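The structure under discussion appears below in the form of structure tokens.
Chain naming follows the written order as A, B, C and D, and within any one chain the residues start at number 1.
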Amino acid sequence: MTTHHYTLTISCPDRAGIIAAVSGFIAEHGGFIVEASYHTELEAQRFFMRQEIRADSLPFAADEFGRRFAALAATFEMNWQLSDSKLNKRLVILVSKQDHCLDDLLHRWRSGELQVDIPCVISNHEDLRSFVEWHGIPFIHVDMQDKLAAFKKIAALFDEYRGDTMVLARFMQIVPPFLCRRYTGKIINIHHSFLPSFVGAKPYHQAYLRGVKLIGATCHYVTDELDAGPIIEQDTVRIDHGDTVDDLVRYGRDIEKTVLARGLRYHVEDRVLVCGNKTIVFK
Amino acid sequence: MTTHHYTLTISCPDRAGIIAAVSGFIAEHGGFIVEASYHTELEAQRFFMRQEIRADSLPFAADEFGRRFAALAATFEMNWQLSDSKLNKRLVILVSKQDHCLDDLLHRWRSGELQVDIPCVISNHEDLRSFVEWHGIPFIHVDMQDKLAAFKKIAALFDEYRGDTMVLARFMQIVPPFLCRRYTGKIINIHHSFLPSFVGAKPYHQAYLRGVKLIGATCHYVTDELDAGPIIEQDTVRIDHGDTVDDLVRYGRDIEKTVLARGLRYHVEDRVLVCGNKTIVFK
Amino acid sequence: MTTHHYTLTISCPDRAGIIAAVSGFIAEHGGFIVEASYHTELEAQRFFMRQEIRADSLPFAADEFGRRFAALAATFEMNWQLSDSKLNKRLVILVSKQDHCLDDLLHRWRSGELQVDIPCVISNHEDLRSFVEWHGIPFIHVDMQDKLAAFKKIAALFDEYRGDTMVLARFMQIVPPFLCRRYTGKIINIHHSFLPSFVGAKPYHQAYLRGVKLIGATCHYVTDELDAGPIIEQDTVRIDHGDTVDDLVRYGRDIEKTVLARGLRYHVEDRVLVCGNKTIVFK
Amino acid sequence: MTTHHYTLTISCPDRAGIIAAVSGFIAEHGGFIVEASYHTELEAQRFFMRQEIRADSLPFAADEFGRRFAALAATFEMNWQLSDSKLNKRLVILVSKQDHCLDDLLHRWRSGELQVDIPCVISNHEDLRSFVEWHGIPFIHVDMQDKLAAFKKIAALFDEYRGDTMVLARFMQIVPPFLCRRYTGKIINIHHSFLPSFVGAKPYHQAYLRGVKLIGATCHYVTDELDAGPIIEQDTVRIDHGDTVDDLVRYGRDIEKTVLARGLRYHVEDRVLVCGNKTIVFK
């Protein structure tokens, strides 16, 4: 479906001529740009850029492209990254007992919509083993009695399975700061409220008590401040006075699935660039 | 368009037989129910009810209906109210300099969509005098140098003009507690955020800094705790990283107008019943 | 979670006193009404009603309730139905190769959200056998070479498995008129467009060519006119010029799942009453 | 608020190197790109581009930019246009009796949100004269007895007032083919349905009869086929069985206003490029 392409993402101090320099470099080698997005973050005075280049339009492979690009990148003090659409990102998924997000992600994966590898699923419960294993994916149970040990084991598993991204798909445990810092920008959570409202535990219960007329969900990068990391995607859904907390939970599941799937897709396709505590999402 | 009808709203302790008793009473006098809504608030164990009855189906007028209904109401310990669709509610609108909500409300009023009387518009600025007076509505400027005196004057004007409801249509002043308490359930505000996020000043700026992916607006009854009263209506709209604070303000205006207009309509049609800090809205 | 209740749905010619008569009958036997909804269809001059009654508040079971209610029902020329929340509806699901709706429904079923029985899944392809059987649900392949024979077999299977509702979960075959008529109001389809736009084949392709800015999905009862039956639920999602037909198909899957799940839930909970070619949906 | 900038829009046959050539040209003269968007229309094999350049970053004015750019443009067979943010587009608004869109546009205009000139408002009724004239805008009544003569007069007025864009803000007359062709891409209509559903007269009535669960509005360029021109913007809103045709009309007004305002804004900011019967909208 998707043709083979490279995705070049860049951030650097803003100034005139960046687009010209980068697109000039690409054109010089015959590179055909499939999709291009730009953004300047005014406060930070930083420029952000994402370009998809058809692989077959370049006379060399990704690594050679990188070597040649490095000089230009240095001139503009760029943070940059080049990814190859043929190399799938590797998602390690963490779950507890609730499986609506897991089910949704695995369906998107097995139908080919979500082009990633899932080397393993980790859980603090045994409930979802059979479902995960039906997909031919290893399911690893981690005991949470000793939390520190458990998270050290999770980190070790993530490294062992060469994970790129850790997805907390309704994983009902707070990730300790050491892990957040170790994998900055690599841990994605789905929080079941429209942040910054209703941080922490039981957000649907909080929403019910406050009497809001919509509830939401938030997909964000995990940082060491709880539910306060850069937001990737959010959405809301209308409720009314007739809805109980159980109804909110039910509506919420649908929106959690959708928001996580969208946010994760953006991340996997290198559409998300972080600037301070905000994200630029090139859709 | 709308036929002449009475709207009966009731709240009382929940028990079996309330609907039967009320609808039996109405049927006994030949009353034709046009619209009927019910709700039980489980925690509070209270029952809420709203019925529209065609006026011409009853053999007597609203006051006689009230007299006869009083006995039944006492049996069930009802708080109840009967309103007559021929008697318009009287809205006193407070504005500052921004006129998008005012423009929207006055258009709905002059087109006949919002069936109310607007005896006067009060403002702490002179800017909108000409526009209001073009509509044939008195425009009253209140000086805010001495806030307490100003709000006493506002209260006096509200009483003098026999206001039923005070609408803060982007009135950029905090209503003092004495006024909130004096007109409980009668002051409606539009707050330019999706509460409980971004309480207080400059919510769009707060939203921008937090990097949320949707912004919202909230129509609520004013209580003496800032932006914490019962929510009547809310909505959200999608933004993205390319939007500046000015863009947020612009998107926000559209959603403020719509949310205030909807919330006010529900209020004016006696569709909003308050239970603690929550609302039941019978749409 | 849900307490045991009976759901009484009624339609009859509109006149004064219906609510009083029905709620009086229920109250007389101590019946506790949990949820009540009413609607008058003005053109048709018909009245529609749905009430949930707590089973333990009545001194007798559903069948006795029915016997006693029959006399009242006759007086008002009612079409009525009483269903028992303990007796699950039986859904026979038909699929082809695409499994996003099936996956969604089976997840809602195994998580207990969708309280139904699924006696079997029927398909014209073998692809989804393993997934369905993992759930412990019989999977039956029907060969479509001879269409008439195939649909006769499907009808026979539906009867044999005592199906209440046939769900076309992206079943890529047109149901013949004899089946539509035999199971009027019992066959639910999800169409991948916002009807009445883009009837028939390849609606996403049609939408792409027309350059619409939103696409949608429609859950409807199947009648013998293609994609023209009473609509139960619809929704739309925003697209833009950058989206290919493949992107539309991808967005569409999400909205198809959601719209089918919502529509089916309304149907299963006896919230949908049909009036001519329209539905009343008591949410 | 907005800094002075030039907007360059381009369409041309797709090939490698276009972005490099254009951005190289701009960079060569020190041009600072504020916003840049690209799109390739695959079927048509055409490339579309929009760039905002800060005026003060260029050493010459718009006309000199144009002269120099012409050679490059010829090489790539570009259709191109350069507009200056200081030169407001001139909107001639046509209305009948309904004023919700007019009120909305005039409010956005007088608040400075919609940066255009409105040299006159033309109507086939006298009803809105006073409101328009309060804004200091000439109001011109055109008698519709003789339709052909009337539309010739409208064309003459449009030319006389040097209009750039003709806005049909609920103008209840069908524009004749000669006018559509004369002002291709310059006439914008708001149709009160989600096209292609419910073309022509009384779309809310059609929607009511079909029993759809959402209604919509469509902002599009007018062509000589009724309601079939390139769509600029659309949106939908949820309704339910309880809503009468009057309710649909009321909900519809809100969505018509919003959709027209958005579509018009895109047009005025040169964000809309037409490709066949579709639009590319660079938001």
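FYI, contacts are C-beta pairs under 8 Å (C-beta built on N, C-alpha and C of every residue); 3 or more make two chains touch, one makes a residue touch a chain.
None of these values were measured; they are calculated from a predicted model.
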item: Most remote chain, CA-based centroid, reference being chain C; value: D
item: Pair exhibiting more inter-chain C-beta contacts, A-D or B-D; value: A-D
item: Chain centre separation (chain B, chain D; CA means) in Å; value: 36
item: Where chain D touches two or more other chains, by residue; value: 35, 242
item: Chain D residues touching chain A - in the complex, by the definition given at the top; value: 16-17, 19-21, 23-24, 26-28, 30-36, 38, 40, 57
item: Interface residues, chain B side, partner chain D - complex; value: 1, 35, 99-100, 103-104, 107, 111, 113, 131, 134, 242, 246, 250, 253-254, 258, 261
item: Chain A contact footprint on chain B (complex, rising order); value: 39, 41-42, 194-198, 210-214, 216, 230-236, 240-242, 244, 277-281, 283
